[in-house]
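Structures incoming, each one as C-alpha cells.
Okay, so subunit A shows up in both of these, paired with subunit B first and subunit C after.
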Partner chain A sequence: MKTNRLLLLLASLSLLLTACGANGLYQVTLITDGEHQLTGAYPGDLLMLGGDATLAPDASLQGSLHLVSGQLDLQGQVLGDVTLLGGDLTLSPSARLGGNLNLGGGTLHPSPGSLIEGRTHTGSGIPFPDLPEQNSTSLGGTLLRNLLNSLLLGLSAAFLTRYFPRGIARVGEAASRHMLVSASIGLLVGVVGISLLVTMAYTILLIPVSLLGLFVLGLAVVFGWIGLGTTAGRLIGRVSNRPLSPVKSAFVGTLVFVLVLELLASIPLVGGLLGIIVAAIGLGAVSLTRFGWQTFVPATETGLPN
Partner chain B sequence: MIEILKSRNFSFLFGFFLFVGMMSSGYYYNLTFVQLGLEDLGTRLLGLSAASVARDMALLALLTCVIALAFGRWMTRQGWGRQFRRKLQLSFGVLVLQSALTFISAWVNSEAAFLFWLAGVSLALGVGVPVMFSLTTDLVPVRWRGWAAALVTALAYFVAAAFSDEWRFETFRQISLLLLLAGLPAIGLLAFLRHSWLDALSAQHLRPEFAIGRFTRGGVSRKQFFGFIIAMFGIYFVDSLGFLRLLKTPLYMESAWQSPDFDIRLFIAITHVIGAMAAGALYTSLRLRPLFLWVFGIFALTHLQYSFHIRVEAESGVLSMPMLYALAVSIYTVLNFAIWADLSTPDTIPFNAALGVALSGWTATFLSTGLAIAWGEQLSLDRHIQIVDSLAMLFFLALLVFAFLPTRKTETA
Partner chain C sequence: MKSLLAYLWKLPLCGLAFFIGMILGGILLPLLGFTPPEMPAGTDTGTVTLWFLLGSMLLAVFLAQISGHLQVRWLARWGILSLFTWIFLAVGMVLESFLFMTTGAVSSIENSLFTMLNFLAPTLFLSGMVTSLFRPASSATACPGFSPQNLKDWLWRITLALLTYPLIYFAFGLLVQPFISDFYSTGQYELTIPTWGQMIPLQLARSLLFLLASLPVIGCWGGSRQAVWLSLGLTIFVCTGFMAVITAYWFPWQLRLFHGLELLADALLYAAALIWLFSHHSSGKTPPQLTR
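The block that comes next holds the complex of A and B.
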C-alpha cells in the first residue's frame, strides 16, 4: 500500500511538469565522437561536441550550426547561423553560410571562395539567438491557462496534504518562519545547482544526470510553492474565521497563492524579480527540510542570550 | 533593529556601525592598496621582476603573521581585550602609521626602500588584526555577528569590485589616502574623547550577549579551534593559489574584474553583496560545517568551469565563473569576520583572532604566493587550475568524511 502511495505521489508530482511543455517541434543532430560524412538535407540544428565531420558540398543544413569541440569541414550550405565556440572549423571554397558567423573560441580556417551572407561577430559581440516566440494568446486564454495551472497545483497540494501532511507543514513552516534563511539557501542552491548541472551537461556522459538534476530542481521549486500555498490556506482560514479541513485549506491556499503569484509576475520588471524571490524561498525551504523529511531548527534558535 | 530603535539604544547602534565602518574601510584598504597596489608598485613603477615582487609579498605575509601573533599574545597578557578605549587608541596608532606609509609610498624608488617600506606595512597590519578583530566583543552582540560580517564584506567588495577598473597603484593610493585622512580625526576623537556613549560601549563586553561567543557555550577544545584554522587555511590557500594564476591571465581579468565595461563590474559587485547578505543570514542559522562545504564546493565547481573553459580554448570569458568565484569569496569572508570572535571571550579574543587570521589567512597567502611563482614557470594554466580544483575537492570530501565522525555535542557539531 505504501509503495502504491509513493508511486501515485511521484506520478502526480511529475504531472506538474506538464506546465513546462514545448510549444513546437525542435530537431537537432548531435555529434559527439567518430567520423561522419553528412550529405543531403538536414532539418533542424547541428551541434558538434566532438569527433570529425564533413558537411558535403551537396548537403544543406536547414537550421544553425554550433561547434563546441571537434573538427568540421564545411563544404555545403548552412541556412542558419554558424557559432564556433571550440574545435576547428574549416570553410571550404564551396561553403555557403545563410546566417551570421559567430566566433567565440576555437580555430577558424576560412577559404577565399566561401560565402557568408550574414555578419561576422567576434567575442562578446555575439548576439543571443532568437528564442522561439510563444503563440500569442488572448487575455481569456492566458487567464484560462493560469487558472488551470493553479487548479493543478491546488489539487497536488490537496493530494500531498492528504498523504504527506507533516512534510508539507515542515516546508511551509520553514518558508514562512525563516523566510530570509530559506531565500538565501534557495538562491545558493539555484545558482550553484544550475551551474553544476550545465557543467555536467558539457561532459556529455553526465547529460542524463544533468537532466535528472533539473527535474529534481524543478520539483523542489513546485514543492516549495505548495508549502507556501498551504501556509497561505491556513492564513485564509484564520482571517475569514472559517476553519477548513487541512486538505481543503491546502487546495484553496495553493490555488489563491499561485493565482496571485501569476498575476504579480505579469507586472513588468518587479514581477520577474518577485517570482525569483518566491521560487528561492520555496526552494530554500525544501532544501532546509530535505523535501519535508526533517524539521528545520536554526542553529542559534535556542541557547543564545538576548 | 526595530526593537533597538524603539528602546532608543543609540549608543549600541553607533557602536555597531562604527565597527562595520572601521572593518569595511580596513578590509577595502587591504584588498586594494595592499593586495593589488603593492604588486603594481613593485612591477610597473620599480621595474622589479614578477618573481621578486611575489617573493617580497610573501615575506610581507610571513612578517605580518609573526607580528600579529606576537602582538595578539601581548594584548592578551596585558588584558587589553577588555579595554575598549585602549583598543581605540591602538586603532588610531595603526591609522596614523598606515596614513604615513601610504603618503610616503610615492617616494619608494628602489627594492631596498620597497622592502623597508613593506616591513612598515607588515607592522601596521600585524598590530591592526588583533586590535580591530577584538573590537567585536565590545561592539557586536553574538546574534548580530553574521549580519555585521555580511555588511563589512558587502561594503568592501562592492566598492572594490565596482569602482576599481584600473588596478593601478596611484589610483589605490589616492583613494586609500582619502579614506585614511577622513577616518583619522574621527577615530582620534573617539580614542581620546569622553562621552556617555563611549562609556556605555566600554561596558558592553561585560554583558553575556557580547562576551560569550556562539561556539564557546559548549566549551571550545583546542582541537576544534585548530580544526577551524585548518578549514579557513584551506579556503584561503585554494582561493589565493587559483586567483594568483588567473590574475596573470588577461582573458579572465579583462572579461571580469578588470573589464572596461562597468555593467560587468557592477554585476560582480552585486554578486558579492548578495553572496555576503546570504552568508550573513546563513551564518546565524546554520551550523558551520555546511557553510564550509558550500565554500569548498563552489570553489571546486568554479575551477572546474575554468578548467573546461581553458580546454575549449575560448577567446572570450564567461561571466558565470567570476560570479561563482565572487559568491564563494563573499561567503568565506563573512565566516572569517565572524568566526574568531565567536570562538572567543573578551579575554581571549586578541590572541585567538591573531592565531586565526595569521595562521589561516597570512600563512596561506605566504605559501600560495611562493607556489604560484614556482608553478607559473613550470605548469601550464590548465594544469595549475586542475590542481587547485583537486585541492578544493579534497577539502570538500575531507569535510564530508568528518561529518560522519562522532563529534562532541556542541554548537559546532
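The block that comes next holds the complex of A and C.
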C-alpha cells in the first residue's frame, strides 16, 4: 500500500508540470523608473508607470503599450494598441502602430511621418476590449448540470463516509447543532480569507499561494455541504422509518440536500442569500472542526475562566 | 536507497524503448504510404519529444506496478500492457481530439489513423521493456478471474460499465467547464466544441474500448482490490491526462491544470467503478512483490 500511496503522490505532483509551458502565458514588460533603450522584439505588453524609455526604430513590441506615467519616445513598431493615460508619448516619424491609439490623458507629441493603422479614440470614446460572451445555458442543461453536481457530491459523501466517517460526522454535528456559531465563523473565515487571498494575489509572487488558498476554501465549503448532507441523510432515514447504512444515508442525504439547495438557489434574490448562508454554515463547521479532525465543543459559562 | 536505485535505472531504459519505437514508427509509416500531419501551431519536434520521453518514463513507473501484479506469462503480460497503453494513450486520445481539436494530427481520418499508428510501435516497445524488467515475484500462471459468474451477471455489469464512463466524463467535464470553456468557444489553440450528438456516441465508443482494455488487467490481477483500483486509475490518468494533456506544453496552464485534475478524477472514479463491477472480493490476498 505504501507503493500505491507514493504513486498517488507522484501522479498528483505531475500536475505541477502544468506550470512548465512555452506559450499561453501573459507576458508584460514593466518600467517604473530609470532610463531604458528598448531594442529587438518584445513579446507581450509594455506597461510604463514611470521613467524614461525609447523604443528604438528596430524594436518591435508584439503586444500593446500602456503609458500611465513617464516619458516614451516611440520610434519602432507596436503591433497592438497604444493607450496613453498619463505622461508624455512622442511618436517619431519612424513609429508604426499596428492597432488603435487610445488617448485618455497625458500629452501626445505626434510626428507627420508616424503611421497609425487603427483608429484614434479620445476621452470617453475608448472602447472596451471584446470579452467572450457567456453562452446562455438552457433549462435542460442547467437541470442536467445540477443533477450531475448532486450525484457527484453524493458519491463523494459516500466515499468520505466509508473512509473518513468520524470526520464527516463531526462536521455534520457542528453544522447542525451549532448552526449560528458555524454560520458566524464561516462568514468571518470567508470574508477574511477571500480578502487576504485577493491581497496576496496583488503581490504577483504569491499568486500560486492565493490560488491554492481559494481551492482550499472551496474544498472546505464542499466538505461542509457533505457534512450537512450526511446529517440530512440520517434525518431522512429517521423520518421515513427506514434506517439506511451510513454510506447509503450519506449518498442519499447529500444528493437530496444539494438538489434542494440548487433549487432554492434559483429563486431570485432570496436564493442567492440562502446559498451564502448555507455555504457559510458549511465553511464554519469545517473551520471549527479543523476539517473534521477534532470535535467542536462550544464554550460554556461554567467552563469559562473567572 | 539501494532498492530505489535498482528501480530507477530501469526507467531511462523504458524511456529509451519508447523513443526507439517513435523513431521506428516515424520511419515505417511514410513507407506504408502515410503522410505525417503538421505539428500543432507553436510547437517543435525536439520539445515534444523531450516531453514524451519524460512522460514515457513516468508511464513506465505505473505500468511496472501493473506488470508486477499480473498473474500471467511474459507474452500475455506484454499483450495486456500493450493493448491497455495503446487504447488509453493513442486510440482514446485520438478519438477525443478528433472532435475537440482542429489540429493537423487529427484534422482528417487519415491523419488520425497516422497518429494512432504512430503510437503503436512506442507502446509495444515500452510495454515489452516494462514486462521484461518488472516481473511478478510469484510464478503463478492462472488468472484469478472476475466476480460475475453467469451471463446475466456479465450483461448487467457490462451495460453499467459502458454507461459509467460517459457519466463520469460529463460530470467532471461540466465541473471544470467554467474554467476552460472560453478556450473552446473562442477557438484558441486549435480547439473547438462538438455537439452533444457527436459527444455521446463518441464517449460510448471510448467506454467500450476502455472496458476491453481494462478487463484483462482486472481479471489477471493478483493482489488486493484497493491496489488494483489505484494502479489502474493512476495508469489511466498518466495515459489520458499526463501524456495527452500535461505534455501539451503549448496549451496555457489553466487548460492543462483543470483538464489534468478532471482526468485524474475521471480515471480514479472510473477505475473504482470497474473494480466494483468486475474484480474478485479477494482483498485479503497478499500482493506479490516486484522482482528486481
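Structural remarks
Everything that follows uses one rule, which is that the second predicted complex is superposed on the first by the 166 of 306 C-alpha atoms of A that agree within 3 Å, B and C clash if a C-alpha of one lies under 4 Å from a C-alpha of the other, contacts with A are read in each partner's own complex, and residues count from 1 in each chain.
Going forward, a contact is a pair of C-beta atoms (placed from the backbone, for glycine too) under 8 Å apart; a residue touches a chain by one contact, two chains touch by 3 or more.
Note that the structure is predicted; figures quoted are calculated from it, not measured.
In the superposed model, more residues of subunit A are touched by B than by the other of subunit B and subunit C.
Of the two partner chains, subunit B is the only one touched by A:105; subunit C is not. Within the superposed three-chain model, A:69 lies in touch with subunit B and out of touch with subunit C [touch as defined at top]. Of the two partner chains, neither subunit B nor subunit C is touched by A:243.
In the superposition on chain A, contact of A:299 is made with subunit B only, not with subunit C. Looking at the shared chain after the overlay, A:180 reaches subunit B, while subunit C stays out of its contact range. By the touch criterion defined above, A:149 lies against subunit C but remains apart from subunit B after alignment on the C-alpha atoms of chain A.
When the two structures are aligned on the shared chain, A:86 is found in touch with subunit B, with no touch to subunit C. Counting contacts by the rule stated earlier, no residue of subunit A appears in both its interface with subunit B and its interface with subunit C.
Looking at the complex, you find that subunit B touches subunit A at residues 142-143, 208-209, 212, 214, 217, 255, 274, 277-279, 281-282, 284-287, 294, 297-298, 301, 304-305, 308, 311-316, 320, 323-324, 327, 411. The touching residues of subunit A, counted against subunit C in their complex, run 1, 3-4, 7-8, 10-12, 14-15, 17-25, 132, 135, 144-145, 148-149, 151-152, 155. Residue ranges of subunit C in contact with subunit A, taken from their complex: 42-43, 47, 58, 61-62, 65, 167, 170-172, 174-175, 181-182, 185-186, 189, 226-227, 230-231, 234, 237-238, 242, 246, 249-253, 255-257, 260-261, 264, 269. Every residue of subunit A that touches subunit B in the complex is listed here, in rising order: 68-69, 85-87, 103-107, 122-124, 178, 180-181, 183-185, 187-188, 191-192, 195-196, 198-199, 202, 298-301, 303-306.
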